[in-house]
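Note that subunit A is present in both complexes that follow, paired respectively with subunit B and with subunit C.
Right after this comes the complex of A and B.
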């Protein structure tokens, strides 16, 4: 924002671009990908393929909303992938044991919020760095999951449990969740006191405290919210297929963090939006699908994502240097 | 602006990447292939001297009642319950074997060694095992041989000299033939097919794909391979990759091969959710339980694996033959009860036979 005041002559459009720079870049990349791949192979633009692109990665976008909040608050969570795996297993176990589906949906989400409340309290009150606390949580969840399930898969899930497979008006329900939750979270971050205090705590904790914000409570609150989004993501993940694998999806936490970072959330905290992280998750899905349409090994996805991270962080650093 | 340039670079990178597209069946390795005959005539076994071990001064057990312990990787799971059933079936049929299965409840090599050690001390005539680790299990098996105990492995081998014989459930070319033949039976000889595998470098999968390509070229030359995609061992990624294949090729795609027990059910799910059951065949390696929903809905017709009941049965028959002295080093085949003559391969291994194809008619009888 200081950069803007140095150029008072800028138009409203410039200010808009300044505020949503990274989001616009990601959006344009998505459009560019659709145009280029669509020209090479028009089937890429078929409604079924667009549906699969949006639906297949919606749970990553939803998890990235919570992750963005955590990173904006100046922390990180590397255990979210394991948490999603555990949520899926709890939900599946409840569903196959005859509990009503709403119980199978809601209980795991409450569990995720409770786990993250504990993580948040440890981070906020003991001042142990969040990466250490969540690394510990990652091992606990991962190890616990394998030990308790003994590697058995859950199958024979009841049809009414499969919320991610429902398609109101022909559009996968996961897409509705993604759009709705992103919009609500974006408004929440921008227009509520709590939302703005997340930016304040991530930007400068002591300044936030001086301004009357309780940073500890904010951090715990952010982690609980993150648990809510991770919980919803976990339910969508669990209900996408007929079986629930009892292993943690490999590298899921990295994909989620990457979505936040490429979406413009500064890894140093204090800036970014959840719209950016959702767009970035959609961009990943587009790249993943485009690689197959262009006959490129899926391994390039990781390489491309790595390049994107480096470029985004470099751009963030450059922006900060210009500001100060 | 920098960021726009970056986006342009990425898009450009994707476009140039498309030039790397290969034409052969990707995902296979470069090792020599040995496709089986189209009609299934067994290929002549390559002469390789016996490389198994032998027990020290075993007592004469010919025709006498023997006690046998079976120590699988772990007990209490469907797969080894099935091998154990096969062992019991064979023991009942032979009438002169007292067999029991015992072992760790987790696939843990240390616990497995303790179980074996205890049974060696308590005194048995024969040991059947499926090793949790081929090297770590060797000393305790050698100890058994030194005590004159007959030792036969199945499912998971040890190093050869630590046991007498190993019953090999399936060879790469046999699995490849079963997969390609099943696909050809479903989609005809000219359909376009794609493969969902774990990674291009996973040894078993790469071997299978190489053998499939060789066998298809020999016996179904008009089968059109379209693409191989990688999906690691990840359920959701496998589903997304299979869905993208369906979207990409439309009606040109007639069948999908699943190369892992994760990829096959996920591909079946992708076909189901795309509403393409009956239009796109899914043939693959998988365990029956994961595939039952799709087989019962007629979305998947053939699931290829081996029959673990037969595997246990064969292992017990081989052990009896070794104890009786009817199976000696240098033999080229062994009689295995209702399974008939089984072929000796690789010096000291016995091939179970053709892989087993699970279908709607038989899949309900398996629980693993």
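Right after this comes the complex of A and C.
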């Protein structure tokens, strides 16, 4: 305390910025975006728009939580978009065929966890790089989904199934899920043995082993958790519109990976937080929406987004070089 | 030691390919005809060209996810240069090729100069280049190319599709560069241990810059052939190409961690994938069912290779 008063807040602030630098940058960007765009076009700050930004993209943030864990453990998953497509289709099929709503919610999530348990086991015990395994899994899920459903849309979904459209206390339920799951995952990563072992395994697998962690079991566990989050994301995705398209949402895996990485998760493993990835997912959603309110032609949306990703990455690299 | 290990994976793959060809030929009598095989070669060329360059990229321990977007961007630019700016078509082709190559060079610059991990750098440019293609085209497609232009994608030389000649020539060039030149050895050295390569006097950044630029050029070349084959340009061309290409390269035995891999392996991987796609389609499996099989083959082949390695290494 005395040291603190001598240099008011300096070391604590320094440590805080050092630990959460990327999260702070992303958060400030979100605030700046709201202020600037809100001044230019006040309708950007309307309830409807803010609701649609948060509720419409909550599933991406939730999927990015699991993805962050996988990347922190030193792996990657390029099949998550396909998995979410499959989950949505299974859930919708169960719902329209008269199964109880909770079955339609829970069974697809269990399916996602089972698939990822398999992926995790392959990655952990056969040492096949995760990008290869999940690339294969992407083909299997995508091909399987299209050949079984023939791309038919599922409609006439029962109202009580549409969990993402429920609004307890006037706020879309997807937002509750996003906030709650991010908080739980952040605490889990920081304060439980398993959460810490994820960082240890991603940072240095052999050192983790020497410290008494079973890296293989940790990796399988991480993938199962990732399946849980992808499952929940898939259910929210399935229930946010009136129809389920029975296809793989294009480039969803890239959006999710990008959210994790921009949120400060090092692609090399071992560092990052799930708070950062959720903030980054929100930032992307805000940028997408802001561009519409700034009257940028819809055709240029992706180019601007790409440029922003690139700028963020370059700024992050510059910042990291200064810190180290 | 590495040579024998490389040969081993390629032997497994070669045997797998032969078995697949025999099984597919017995399933459908339309499969093993010269016409069908040449036609399959035609369809394989675009992915093949990009896969050759991707082999170099992955051997250095990098990855390039933006190849599909570069293909899309080049295709759009070709159409815009010719139709909207009124340039003669040959000039438009050269300019579009130059732009695609430049896009690859930018990837290389971001990766070498700013030390951004290749996965992240090309993830960003994947979005950027596709976005540029969408923005420039505004979802309009360009049609009505002159007849002679279709030669690149539909023509034949001595009974063999034109682009198969291009792919064949590119394969030989790539195999020679990677297998026999100092540049190729530098590529392997970077993938095996980048720091060690740097200290042994290899100009790591220059080599990488060339390789990513080359990937851009190959993607642009594939774009021209693609446009000529399908006679139109759209901004969504080449979406998902990166995954097809990486699957082929990895199936061909190139280690995703770098330092290992050959052009022959990549070509075998590509042939196996194309044969499976075509053979299964001919024997009545619907288009998307074949993707499942490719996924299974990818995991299975790598699994077999990994188990083999472990038995040997002990």
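Everything below uses one rule, namely that the second predicted complex is superposed on the first by the 286 of 324 C-alpha atoms of A that agree within 3 Å, B and C clash if a C-alpha of one lies under 4 Å from a C-alpha of the other, contacts with A are read in each partner's own complex, and residues count from 1 in each chain.
Keep in mind that, in the parts below, a residue touches a chain if its C-beta (ideal position, glycine included) is under 8 Å from a C-beta of that chain, and two chains touch if they have at least 3 such contacts.
Everything quoted here is computed from the prediction, not taken from an experiment.
Q: Using the superposition on chain A described above, determine whether A:165 touches subunit B (first), subunit C (second), both, or neither.
A: first
Q: Let me test your reading of the model: by the given contact rule, A:41 touches which partner, first (subunit B), second (subunit C), both or neither?
A: Only subunit B; A:41 stays clear of subunit C.
Q: Can A:300 be said to touch subunit B (first), subunit C (second), both, or neither?
A: both
Q: Identify the partner contact of A:139: answer first if only subunit B is touched, second if only subunit C is, both if each is, neither if none is.
A: After superposition on chain A, A:139 lies in contact with subunit C alone.
Q: Contacts for A:257 in the overlay, against subunit B (first) and subunit C (second): which applies, first, second, both or neither?
A: second
Q: Go through the superposed model and pick first if A:245 touches only subunit B, second if only subunit C, both, or neither.
A: Only subunit B; A:245 stays clear of subunit C.
Q: Give one of first, second, both or neither to describe whether A:317 is in contact with subunit B, with subunit C, with both, or with none.
A: second
Q: Looking at the overlay, does A:126 come into contact with subunit B only (first), subunit C only (second), both, or neither?
A: A:126 contacts subunit C only, not subunit B.
Q: So, A:288: does it touch subunit B (first), subunit C (second), both, or neither?
A: First partner only, subunit B.
Q: Return the residues of subunit A at which the contacts from subunit B and from subunit C coincide.
A: Overlap of subunit B and subunit C footprints on subunit A: residues 250, 297, 299-300, 304, 307, 318.
Q: In their complex, what parts of subunit C are in touch with subunit A?
A: Interface residues on subunit C, with respect to subunit A: 63, 65, 110, 114-117, 119-121, 123-132, 134-135, 137-139, 239, 243, 246-247, 250, 256-257, 286-296, 298-299, 302-303, 306-307.
Q: Give the list of subunit A residues in touch with subunit B in this complex.
A: Against subunit B, subunit A makes touches at 21-22, 25, 28-29, 32-33, 36-37, 40-41, 43-44, 46, 48-49, 52, 56-57, 150, 152-153, 155-156, 165, 237, 240-243, 245, 247, 249-250, 285, 287-300, 304, 307-308, 311-312, 315, 318.
Q: Of all residues in subunit B, which touch subunit A in the complex?
A: Going by the criterion above, the answer is residues 2-4, 6-8, 10-11, 13-15, 17-18, 20-21, 77, 106, 199-200, 227, 229-236, 239-241, 243-250, 262, 265-266, 269, 273-274, 289-290, 292-293.
Q: Would you tell me which residues of subunit A are touching subunit C in their complex?
A: Touching subunit C: residues 76, 78, 122, 126-129, 131-133, 135-147, 250, 254, 257-258, 261, 267-268, 297, 299-307, 309-310, 313-314, 317-318, 321 of subunit A.
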